[in-house]
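Below is one structure, written out as structure tokens; the observations come after it.
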């Protein structure tokens, strides 16, 4: 189920503005990789290049290579729609479809990809909601609108929606930044469980969070405002937080800037 | 690729999802363009062979062909989901082209036919002494009439509309405000000819005045009021409450706060709204037809005797139904469009210029 | 989210200060200002009340003299003695031409709105939106002139075609005369309301939350699926209110109908044959030459037109209110 991502020499633009430059890294399967760095360093942009969401932004384009188990995401003949089906995403702010019920939200991805029997859909919805630790809270109101849930529940609903289509990789763009500490904890626990099944990449502003949930951590930085963001280093999380090899990383982690 | 068995929790029977390969068969990038060319070609071919006179038919055949071909070919190569997506894209492009053709034609016809007799003479002379069948004549009397009628209507409607909006936003609570809001909504929906009928039944029948520019202006004012109220209301609501409170905190009375703080902050948007309303009523024909009568000579007094107005002039020239009159109608239409467009562009210019409403 | 033309009024700012000392409603300046603004509001109410009263008064006079039945007589001889007139033909013409206009204009307008908001390349979309905005301001008499002198001569071929394939229905039979029929009126009204419906719909689509579009994209939705899942549900009430705005214009339109239609006081089975009439067109055509009773009769028909537009606007408002719960995104 989980696949490895190899990125080499990736540069992304917004129009003529270079947002990130020459990034190369490997994301291991069945692990959590965290991206940290100051605001505007391009970590979210980089994340969005991994499932070709970057090009949705007007003027967004990408140079370089992203390989998913040896298959190029940007190769000729690759359908961005299939890429996004294979690599799921959870956003900064919970975004369940407001006009759909909880059930329909989870089933939305499946319904796009073919026709399923009611019993099959039921099973997937239950499995996904259980996978997102939300089943017990919503099983009695599956037909209520998803927007009626609390922020943390909504975010877990979005995670359930993303994992319902059984992606290879799950990208999370600051999934807890709009949530309170208790909901954050619930999501962090969930990430720990999900990494058994998926390759997870998470962008976070919260360094404690990166330290708590991730196996590997990548530190991004930019030389100055308006300059492209760069990958400074990527290493085991433990090493990054105890003994990073680059001075800038240590400065950032110890709170000397950023 | 993956082994679905591992992922299956024992308790449920979720179906194993097919893992989609990243590479899907896709049509080349030039496919839509090529298909469009092909359908245009075939469409004109069919039109030519079948001897269809109307180019509208050729276009419709080509459009239908394009939609059908796209769906068919995409369905065969890319699968049903992509075919639906392509179908939607092609339908939307066809919609766009279908709509652009008549609108572009409208502008093109008006400009090309209207520029034929449009010159300095046309703008500075009236129709006095010019028979319908003769060439020559002009719109000076209609310009005078339109400007006076619209000007009078604005003088009546703008203050009432402005103060009503102030009342609704700054003072209004309770039943009166609710009633006013409701009736502004109702008023927005009054067809222009009904406004004309109303003024006719009051001003001409009951009060026994005669047809005049002012009677037309009254009807135009009725049409203008709700537009001004709505747009002004929106603008006043955009003024942050902090500004009002800051002013009160300095001991400024409410009316001076409105006059010196609220209105200046919103003045750009209010002006834009009024100008757009003016542009809207300048093109109204129906009330003028009932109330102004339509003189052929210059009448500089809007309060006495029939006048003319640009839109009504177009109608009269169209009605006389001969080539010279049609030329005049097109030329007047071009002037009217230009007048309305200039007002619109100026209004938008002001809106942009005053856009940051935070003041200085 | 107040994109509807007649939003439910949020609590007006400054309202809280109404009774406070700070506002000081005892100053002469304040009293004058309040009187002016309240007076304007009341003026508006008085105008509306007199409109209703006078139109009804004239209408009642006319109806009393009517020798026919206002609701069922297929005839308009209000200038005759005794006057005979009824509105069924006008009701038919007004509603049919407006329905044709809506059926053509609304899908196309939604298409163009989507084209501008989601399909067109950026460089094309911005100027296009601007141009369509301006086209919405073109006066209806210009549409009428273009319709009469350009559109009518070009529709003959299309009508022959319709006659060839759908003539058997009776609704689309055509014998080759000038295309001055209710169907032509419908087409012209459609072209006329297209810009306004497009504009309002585009505004709504543009505001559809990026968050939800991205959610759909990230699930592997195609562009059309994104639109169906997140743009259309969000924009539905906006499109409805835009359509009603357009319908209101179409129902009350005078000049574009009067220039194109060749009126007669009977209901044609075929929509492509000349004949029929609409309220506004009938008033414009006959008012200036009418006798006092004839005018009153036309005023009565104007009152009916006014009531129809009232009902349409009211229905629109109810639809919007009902969809309100869905229109608000949590974004």
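All chains are identified by letter, namely A, B and C, in their written order; residue positions are counted from 1 within each chain.
The definition used in the following text is that contacts are C-beta pairs under 8 Å (C-beta built on N, C-alpha and C of every residue); 3 or more make two chains touch, one makes a residue touch a chain.
To keep track of the chains, here are their UniProt names: A = Phosphate ABC transporter ATP-binding protein; B = Phosphate transport system permease protein PstA; C = Phosphate transport system permease protein.
Because the structure is a prediction, the values reported are computed rather than measured.
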Category of the chain touch graph - line, ring, star, complete, other: complete
Interface with more contacting C-beta pairs, comparing B-C to A-B: B-C
Most distant chain from chain B, judged by the mean position of its C-alpha atoms: A
Averaged-CA centre spacing for the pair chain C and chain A, given as whole angstrom: 47
Intercentroid distance (Cα basis), chain C paired with chain B, Å: 12
Chain centre separation in whole Å, for chain B relative to chain A (CA means): 45
Residue numbers of chain A (touch at least two other chains): 81-83, 85-86, 112-113, 165
Shared interface positions of chain C, touching two or more other chains: 220, 222, 225
Where chain B touches two or more other chains, by residue: 20, 81-82
Footprint of chain A on chain C - complex, ascending: 122, 209, 211-212, 214-222, 225, 229-230, 233-234, 326, 328-331
Chain A partner contacts - residues on chain B that touch it in the complex: 2-3, 6-7, 9, 12-15, 17-26, 81-82
Chain A residues within the chain B interface of the complex: 1, 68, 71, 73, 75, 77-79, 81-83, 85-86, 110, 112-114, 116, 119-120, 123-124, 126-127, 130, 165-166, 168, 197
Touch list for chain B against partner chain C, complex: 20, 52-57, 60, 81-82, 84-85, 87-89, 91-96, 98-99, 102-103, 105-107, 109-110, 159-164, 166-173, 176-177, 179-181, 183-195, 197-198, 200-202, 205-206, 222, 225, 229-230, 237, 239-241, 244, 248, 253-256, 258-259, 276, 279-280, 282-286, 289-290, 293, 311, 314-315, 318, 326, 329-330, 333, 336-337, 340-341, 344-345
Residue ranges of chain C touching chain B (in the complex, touch as defined): 5-6, 9-10, 12-15, 17-18, 22-25, 27, 29-30, 32-34, 36-45, 47-48, 50-51, 54-55, 57-58, 107-109, 111-112, 114-115, 119-120, 132-135, 137-146, 148-151, 154-158, 161, 191, 194-195, 198, 220, 222-225, 227, 248, 251-255, 258-259, 280, 283-284, 287-288, 295, 298-299, 302-303, 305-306, 309-310, 312-313, 317
